[in-house]
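By written order: A, B, C and D. Residues from 1 in each chain.
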Amino acid sequence: MGGYFSDIFYGSKSLLIGMGITFREFFKPTVTVQYPYQTIKMSARFRGHIELIADEEGKPKCVACGMCQRACPSGCISLDSVSVDIEVDGKVKKKKVLSKYDLDFTKCSLCGQCVENCNFGAIDFSKEYNLASTRKEDFHFNLLKRLEERNA
Amino acid sequence: MILETTQQALQALFAGSVPADEAEAGTPRGNGVLTRDYKTHGYHLDAQVDANQLLAAVTILDEGGFFIESITGVDWIKENQLEVIYDFSRYDFDACRVVIRTRVPRDKPVVPTISTIYAGANWHERETHDFFGIKFAGHPHLVPLLLPDDADFHPLLKDFKA
Amino acid sequence: MSAPIQLRPDETFLLNVGPQHPATHGVLRVKMQMDGEYIVKAETVLGYVHRMHEKMGENRTYAQYLPNLSRLDYLGALGYTHGHVLAVERAAGIEVPERAEYIRAITVELNRVASHLFWFGAFVMDLGGFSPLMYAIQDREHILDMLEAVTGARLTYCYYRFGGLYNDVDDDFIEAAKRFIPRMRKSLKKYDALVSGNVIFRNRLEGIAPVSAEMCRKYGATGPVARGSGINFDVRKNEPYSVYPEFEFDVPVYHECDSLARYKVRMDEMEQSLRIIEQGLEKLPDGPIMAEKKPKTIKLPVGDYYQAVETARGSFGIRIVSDGDKNAYRLKLRSPTYSNMHLFDEACEGMLIMDALAFMGSLDLVIPEIDR
Amino acid sequence: MSLTLLNVIVAVVIAIAFAAANAAYLVWAERRGAARIQRRPGPNINGPFGLLQPPLDGIKLMTKQLMIPGGADKILFMVAPVLAMAPAIMSFVTIPFSEGIAAHNMELGVLVIFAFASMGAMAILFAGWGSRNKYSVMASVRAVSQNVSYEIPMLITAITVVMTTGSMDLKAISMAQSGGFWHWNIFPSLHSPLMPISFIIFFICSLAETNRAPFDLGEAESELVAGFHTEYGSMGFGLFFMGEYANIVIGASLTTILFLGGWDCPFGMFPGVWWFLLKIYLLIATFIWIRWTFPRTTIYGLLNLSWKILIPISLFNLLLTAGLLKVF
């Protein structure tokens, strides 16, 4: 019989403790970010989709060696290059120039193998995260075009 | 301690013969018990048994208080064999991981079920059946588990083409 | 797929829990034969999110397989990638710098706390209490922020590399982690008062769904499920790997075997993980974070290799069978919840459906990890 | 005669409006309150403080198609939501909000409200059975057994109050407590020293009667999907929702009248409808607060609570009160 009443007593006490906690939480400030109206800054190492890095002249640093393409687990990078004649110190030299750099972001798992395997520091993660679309094509990025747009 | 007793018990199945390590011999190893270097391989005992010795070997481990980690298969297509690998381990601090393997011909892949000894083998065997088509004789419910119900293919076979 | 509903003479009926059901936390389906609210027989149907990660392991190089591991268990991804890198390093004989191992241990433990926090919230939500989930998510958010600043991702990390790490941690991370520990301890006290002590909560779990130690052994249950059944088994202690022998921590074990014991194990584990993080931050040595001697393309010697690690859900094992190529010949993932979930069919017989679903919650299921 | 009829019609219209407005804005209050407890803002986009959310939700519900599951019992399926809402509105008619504000005062007001309240169980049973869904049936059976077992202690405590007052007229019960909070029934008196416990029992029972957490076994969204209204969409669901909140208001009103002095001011002056509303909304706030704090009980925990704790204690209280009334 004593157990009966002590059960009721301790049970009710535990319920009141719980209510006390939620009561205190009620008066604490909110912790949420009102997303479309407020945004937070992405951390420096945030991995968005990859982006080509430009050299001082605004040309891509990329030499089209294809290391990133080979390293990618999902095969989402495809690049192409053309040979162009350029004049260096009065001599005409053939040089590989990047002509196409497409990223299929639908397949990308953001593992970072491409960035890690690039010996020229030519690609890096962007900080973009506002990517939403109902069409697949919106995630096929032409990175060369994006670089030009950024330069402009 | 448990390592030695288990090794002796398993060794008794082979009348004391010790097989050559396949990595050294360059050929598929024969049945028998090998001790492995834990540091590089991650397990202590490696016993290859014949399919009909399997239940005896697993019973030894059951009586030794081992728990079942997993069951899986490997398709050795060059040797035209399928291997079934059983992993066992222990809950106590006497760390001893035992691997039991058995090889069956590819065209007749049948091994006895151990779900009668370890109830937990049920799903593992179903999964291995899904992926390799290995039949576990006596299994109570050998229908696809992870693959669709109507799956008639075995994706982890080396000659599987999607 | 399932047989049409037929009312048996004994008047049981078939109840389809899942694939879309609020309590299964993912696409898991359990066919339950019910007698009123009592379960007569249950059969779990898996495979709704099966992606054949093991076949991918045969087609990708070891490095390319790294992102796959974090897709197994999206709540405690780092533990799984840790298993993979350890297995390859063990086989290839790569020596990992001490600093890298310390950072791995710290991040894995942070991830474990995050995973347990989310489980805690979701479990209480299974029992009908919604607010603890929100409190748990707030604390988890701090961990995710920290891990994001280091790894660049919030859930599906790809941070560890063979021989070390993708990048080093900075002082901000160490500061944030140091600030986090006392805050988390305070929160744990709050959870204790709000949930663990609550009479309704205890009545729902105490003595419910007993899983005996023998049953755990037969099914190969590991992790908190085994430890809630009185089995003192933690891969970090039983088969020490990484730098865990250097840390002082306890393995919480409860002998009640019920849902409450499994709950308590996880709550205590969070405290132990905080202890490990604390010690790790204190002892964190300077030095490189990448092995100096490391082949460009990793090819493992012929043989098969096994590595077990203790993830948030139990003992995760990875078996690599190598034929000397740069891809694995066979790669097997031993997922802990697969074995833990297997218990459910047998254990839930004769249980009320609401107890069974609470039991399911106490198993801490992550379906992609079961289905792989 | 015609004036009385008109009176009743006006009263019913006002009751419906009051119930609907209450349901709508209690949802808003509940969502805001829950959000604050969980440290989020809650609905705050539509209108100031999100105050336009309830009418917009209403429009959304009304414009949706009412789906009837194949093989469902159409009549039961359609009747159930109406049956959930109608008794709640009917009960409003008898509740005196103040000395002069009551649609139709009845001498047996307590009895009428309990009679209507037990119809709620029928609505849930109809909904569960009619939707041809196993989850719904299980939930409705649970909810009915819950309602039945909680009606008993609730009635017994109500009878205790009725005995001390000597009337079943809600207005008379309320009037008997006027003149300062020390006259309220919640405080122990010579005739019934266990009144505070009665109040708690009554409060718990009204939580259970309205199927609110932690007694929301009829809904049990993490086990039985959404319980008896799993298959309802559109305004069918809307009516259940309104019925639930109307029942909460009635539960709070009844608690206020029986135990908290009705429209009486705690200091014995200026009694009025505002005091009544303040009291019921405070009680409803407690309902909300409890809901967002506790997990759900089990069905056996719930029945144990009723049969092993609430009923014995309330019976003991009834006997004690009866004895003391006889002695003094």
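In this section, a contact is a pair of C-beta atoms (placed from the backbone, for glycine too) under 8 Å apart; a residue touches a chain by one contact, two chains touch by 3 or more.
Bear in mind that the values here come from a model prediction, so they are computed numbers and not experimental data.
Common neighbours of chain A and chain D under the contact definition above: C. Distance between Cα centroids is largest for the pairing of chain A with D. Averaged Cα coordinates give chain A a centre that lies 25 Å from the centre of chain C.
A separation of 43 Å divides the Cα centre of chain A from that of chain B. Contacts with at least two other chains are made by residues 15, 18, 21-22, 25, 31 of chain A.
In chain C, the residues that touch at least two other chains are 131, 135, 138, 194-195, 198, 200.
Under the contact definition stated at the top, not a single residue of chain B touches 2 or more other chains.
In summary, the structure contains touching chain pairs A-C, A-D, B-C, C-D.
Listed in rising order, the residues of chain C touching chain A in the complex are 60, 63-68, 71, 131, 135, 138, 145, 148-153, 156, 158, 161, 166-167, 190, 193-195, 197-200. Residues 33, 35-41, 289-290, 292-294, 309 of chain D are the ones that touch chain A when the two sit in their complex. On the chain C side of its complex with chain D, the touching residues are 13, 15, 21-23, 34, 36-37, 124-131, 134-135, 138, 194-195, 198, 200-201, 203-204, 352-355, 357. Those residues of chain C that touch chain B in the shared complex are 1, 46-47, 50, 52, 54-55, 58, 87, 90-91, 93, 215-222, 226, 231-233, 237-239, 301-308, 315, 317, 319, 321, 329-330, 332, 334, 338-339, 342-343, 346, 371-372. Per the touch definition, chain A reaches chain C in the complex via residues 10-12, 14-15, 17-18, 21-22, 25, 31, 43-47, 71-73, 109-113, 116, 125.
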